[in-house]
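After this come two complexes, each holding chain A, first together with chain B and then together with chain C.
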Partner chain A sequence: MKALLLLSGLGILGIVSEILNFKKYIYKLTIVGLILTLGITFLEWDNPAPLQFSNMVNFDNLAISFIAVLVVTAILWFLTSAPIFDDSEHIADKTTLILFALVGAVCMVSYHNVTMLFIGIEILSICMYVMAGSKKGDLASNESSMKYFLMGAFATGFLLMGIAFIYGATATFDLAEIKMYMENSPEHLELVYTGITLLVIGLSFKISAVPFHFWAPDVYDGAPIQVTSLMSTIVKTAAIAAFYKLFTVSFASQSIAWECTLSYIAGITIILGNLIAVFQSSAKRMLAYSGISHAGYLLLAILANNTSGGNALVYYTLAYSVATIAAFAIIALVLQAKGDTNFSSFEGLGKKNPLLALATILSMLSLAGIPPFAGFFGKYYLFTSYLENHGIGLVVVALIGSAISIYYYFRLIVTMFKGESEEVIPISGTVKLVLILCILITVALGIFPELLNGGW
Partner chain B sequence: MTQYVFYFLSFLAILSALMVVFSKNPIHSVLYLVLTFFAIAGHYVLLNAQFLAVVHIVVYAGAIMVLFLYVLMLLNLNVDAEPVKKNWVKFAGVLSGGLLMLTLVATFHKAETMPLIQDNPEIGVTANLGKILFNEFALPFEISSVLLLSAMIGAIMLSKKDTKK
Partner chain C sequence: MGTLQAIPLNHYILVSVILFSIGVMGVLLRRNAIIIFMCIELMLNAVNLLMVAFSAHHGDGSGQVFVFFIMAVAAAEVAVGLSILIMMHRNTNTTDVGFLNKLKF
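Let's turn to the complex of A and B:
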């Protein structure tokens, strides 16, 4: 609860800074505030407050872990994204919008009532629509924003209709009460089934799972690179956490209604996302497709339908977010230095910029799931939690997908050590710090995977 | 009596919704959409949700549709400028829309229909709505202010002209 209040307060501070003319300091204030939020969030660990505000929110340990993942990602993101805060004109607006997006994300991971889920998704989405178009002079950015808005609004329609069907059947928005209804009335669930299907469609849109992924590549490609980084980390984490919570808390007993659909969605997402990523010539677009394929892996945690799935999800989202933030930070540097994000721009990077090369190698290896890095254990935990009560079929598909992904992740690494490049890309101190932090987290999580996979 | 009103309103809503899609002139589409909204507001009144009905008319039919009309007239979309869509796109659209409709119709066909139970006939009155909003739904109500605030900031940020470039 405190995280929600603190983040909202920070956002409002951002607006006030515009009025009272201290927006020069708002960037630093935000980072300090986020670190504070991270600390305060953990005060509620193992100390669950009773359900607050007539059961609207539930800050259990799982929710707190997700909030921690989100806030850590946000801190790393803010440190790497100084360039978009450079033009002093909109610094306060952008900071506020991103902090409010975080408020939405926190609502999405801690809701205990479907209305909170809906409002959280809307807050997050609206901030992201605007941020995608924040490079106003750039046509691609405008297109990306417009596309994201239209598609997002369309998906929200499905989501809302799903919620309406569920409410029509159960006459409640409360997760626990929906769960009770599902367990106690095994007949007359037609409305519920349709509602669940519509919710699957709406939420799959938000996590960009195939076949609801058509918006993702263009939006990710067109948006300013820092915003893309935000979209493929925080938005994805929040959306999958919301998805997990709704389906494993409320709909667990009726898994027959969604298990089959979701398995197919996960399988197709993994294979198709990875296959199309192979053929990309731009690193940014490649990461967009790899983001789609990761959504497929994340769906395994929902299909697992047990608590270890939740633990695996926290671990995986942290590993994925850290590696992705590092990768996008590097691509942003290359973009700034060379003007585009094609693979050819990465040539010769390995010899001139050892830190960049090291960070790229580690984040790519982690994303590909090579031991002993964080990504490997993320996938390992996901697969084991899925195998607890399912057959091996989907895991085989996921492994084939991983094998394909190794190809294009390695292609970037190989390109870095090919050819010659004269210029050394200058790296600012904070970005260096973030890259080192990302490397440390990726390695530490890989070597001591038990750090984060404790029971909660 | 209520039943006849229900059928009339439903007929009106569906007919004008179809006309929104089928009319060639975008201005006519918007006007039919206003009609649809009025028909739906009528349904709200039948369900004893007076507040919702009034808000629906004020916000949708009033504010949003007027805005819509303004934009259409400013853009002068009267000319037939709609791009021709490929046949397979049309086919895919019809197929997926038809499937969705089939599912929905089948759902309501199979679902047990219960008569509307109103334990509190005053449920839709503004006073009761306010009580629920400020007691049970206090947190979502307050959090929506963040939603509105971010929409406002976004609108200002996107529409404000940059002073220097």
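Let's turn to the complex of A and C:
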């Protein structure tokens, strides 16, 4: 709960800094504040009274783990994204928007009432619509923000209709009460099933699962690269955590209504996301499609419908976020130096910029799920949690998907060691620090997977 | 509550679902961004109507409180959406979403 208050306070501080004219310090203040938030979050571990604010939020250990993942990602993101805070005119606005987006994400991982879910999604989304369009003169950025807004609002409509139907059947918004209703042979099954289906559609839009993914590549491609990095880490983590919580807490006993649909969505997402990523010529767009396929893997945790699914989700989102932040930081540097993000711009990087090359290799190997890096154990935990009470079918599909993904992740690595490049890309100290941190986290999580999966 | 009971709940559900479907079709078929906004609003209003009807039916206030949240958020969303639209209009001189084709596979 303190994390929520502290982040909101930081956001308000961002607005005040514009009025009281200390906005040039706000970037540093934010980073210090986020580190403080991370510490305070852990103080609430094993909280004896997790339900707070009249049962609106539930800060149990799972929620705290997700908050920690989000805040760590946010810290790494802020350190790599100094370029978008360079223009001093809008620095306070952008910082505030990102911080409020983080508040929305925290609401989404810790809600105990569907109202909070809706408010969290909207706080997060509205901030992100603005951030996606933050390059005002750039047509691609305009288009990205417009598409994101239209699709996001459309999906919210479905989500709300789903909530309305569930409310019609249960007469409550409280997750525990909905769970109780679902377990005691519900009377209005027609309302429940319609509601669950609409919720699946709405939330699949938010996590960009196939067939509701079509907005994602365009939005990710058009937005400024730092914002893309944020969208494919924090937004995705929060959305999948919200999805997991709603379905495994409230609708677990009615899994007959969503299990089959969600299995197909997961399977198609994994295969299609990976297949289309193979044919991309731009690294940014390739990562967008790879993000779609990762949403498919993450759905396995929801289908697993047990607590080890939640643990696997925390582990996987951390591994995925860290690797993605590193990958996008590198692509941003290449974009700055060479002017585009096509694969050919990466040629010769291996010889001239060994640190960049090393970070790319490790993050790509981790995303592809090659042992002994974090991504491998993420996938391993996801698959084992799914296999606890399901057949092998979907895991085989996921493994085929991973095999396809190795092709395009390795293509980037191979390109780096091909050809010659005359210039050395300059790296700022903080980005260097972040890359080294990302490398350390990826390797440490891979070598000591028990660090995070100690069972709670 | 008495006057509401005169109209069965099913009718409310039916009207809401029809309104919602009109909104969805509008979003999918129309090409003008402003009309698409209006259709999204129609979807949200269908939800509001349904929430209020269920709330009165159950005699539980939380549904009506939720409607206030939806209205507030819809207002915020329109504020952001219209500013995005103005930004797009400045650069392209149109509100037709057909012009959003710079980013392609």
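Some observations on this one:
To be clear about the criterion, the second predicted complex is superposed on the first by the 451 of 456 C-alpha atoms of A that agree within 3 Å, B and C clash if a C-alpha of one lies under 4 Å from a C-alpha of the other, contacts with A are read in each partner's own complex, and residues count from 1 in each chain.
The criterion applied here is as follows: a contact is a pair of C-beta atoms (placed from the backbone, for glycine too) under 8 Å apart; a residue touches a chain by one contact, two chains touch by 3 or more.
Owing to the predicted nature of the structure, the values given are computational and were not obtained by experimental measurement.
When the two complexes are overlaid on their common chain A, residue A:66 makes contact with neither chain B nor chain C. In the superposed pair of complexes, A:172 makes contact with chain C only, with no contact to chain B. Of the two partner chains placed by the overlay, neither chain B nor chain C lies in contact with A:215. Legend: residue contacts after superposition of the two complexes on their common chain; A:126 is shown touching both chain B and chain C. Judged by the touch definition given at the top, the superposed model places A:408 against neither chain B nor chain C. Touch criterion met: A:160 reaches chain C, while chain B stays clear of it.
By the touch criterion defined above, A:149 lies against chain C but remains apart from chain B after alignment on the C-alpha atoms of chain A. In the superposition on chain A, A:136 makes contact with both chain B and chain C. Contact with both chain B and chain C is seen for A:115 once the two complexes are overlaid on the shared chain. Common to the chain B-facing and chain C-facing surfaces of chain A are residues 115, 119, 122, 126, 129-130, 133, 136-137, 165. The part of chain C that touches chain A in the complex is made up of residues 13, 16, 20, 23-24, 27, 33, 36-37, 40, 43-44, 46-47, 50-51, 54-55, 57-58, 60, 62-63, 65-66, 69-70, 73, 76-77, 80-81, 84-85, 87-88, 91-92, 97, 100, 102-105. Put simply, chain A touches chain B in their complex at residues 8, 11, 15, 52-54, 56-57, 87, 89-90, 93-94, 96-97, 100-101, 103-104, 107, 113, 115-116, 119-120, 122-123, 126-127, 129-130, 133-134, 136-137, 165, 169, 188, 190-191, 193-194, 197. On chain B, the positions that touch chain A within their shared complex are 103-104, 107, 110-112, 135-140, 143-144, 146-147, 149-151, 153-154, 156-158, 162-165.
Of all the residues in chain A, the ones that touch chain C in their complex are 115, 118-119, 122, 126, 129-130, 133, 136-137, 139-140, 142-147, 149-150, 153-154, 156-157, 160-161, 163-165, 167-168, 171-173, 217-218, 221-222, 276.
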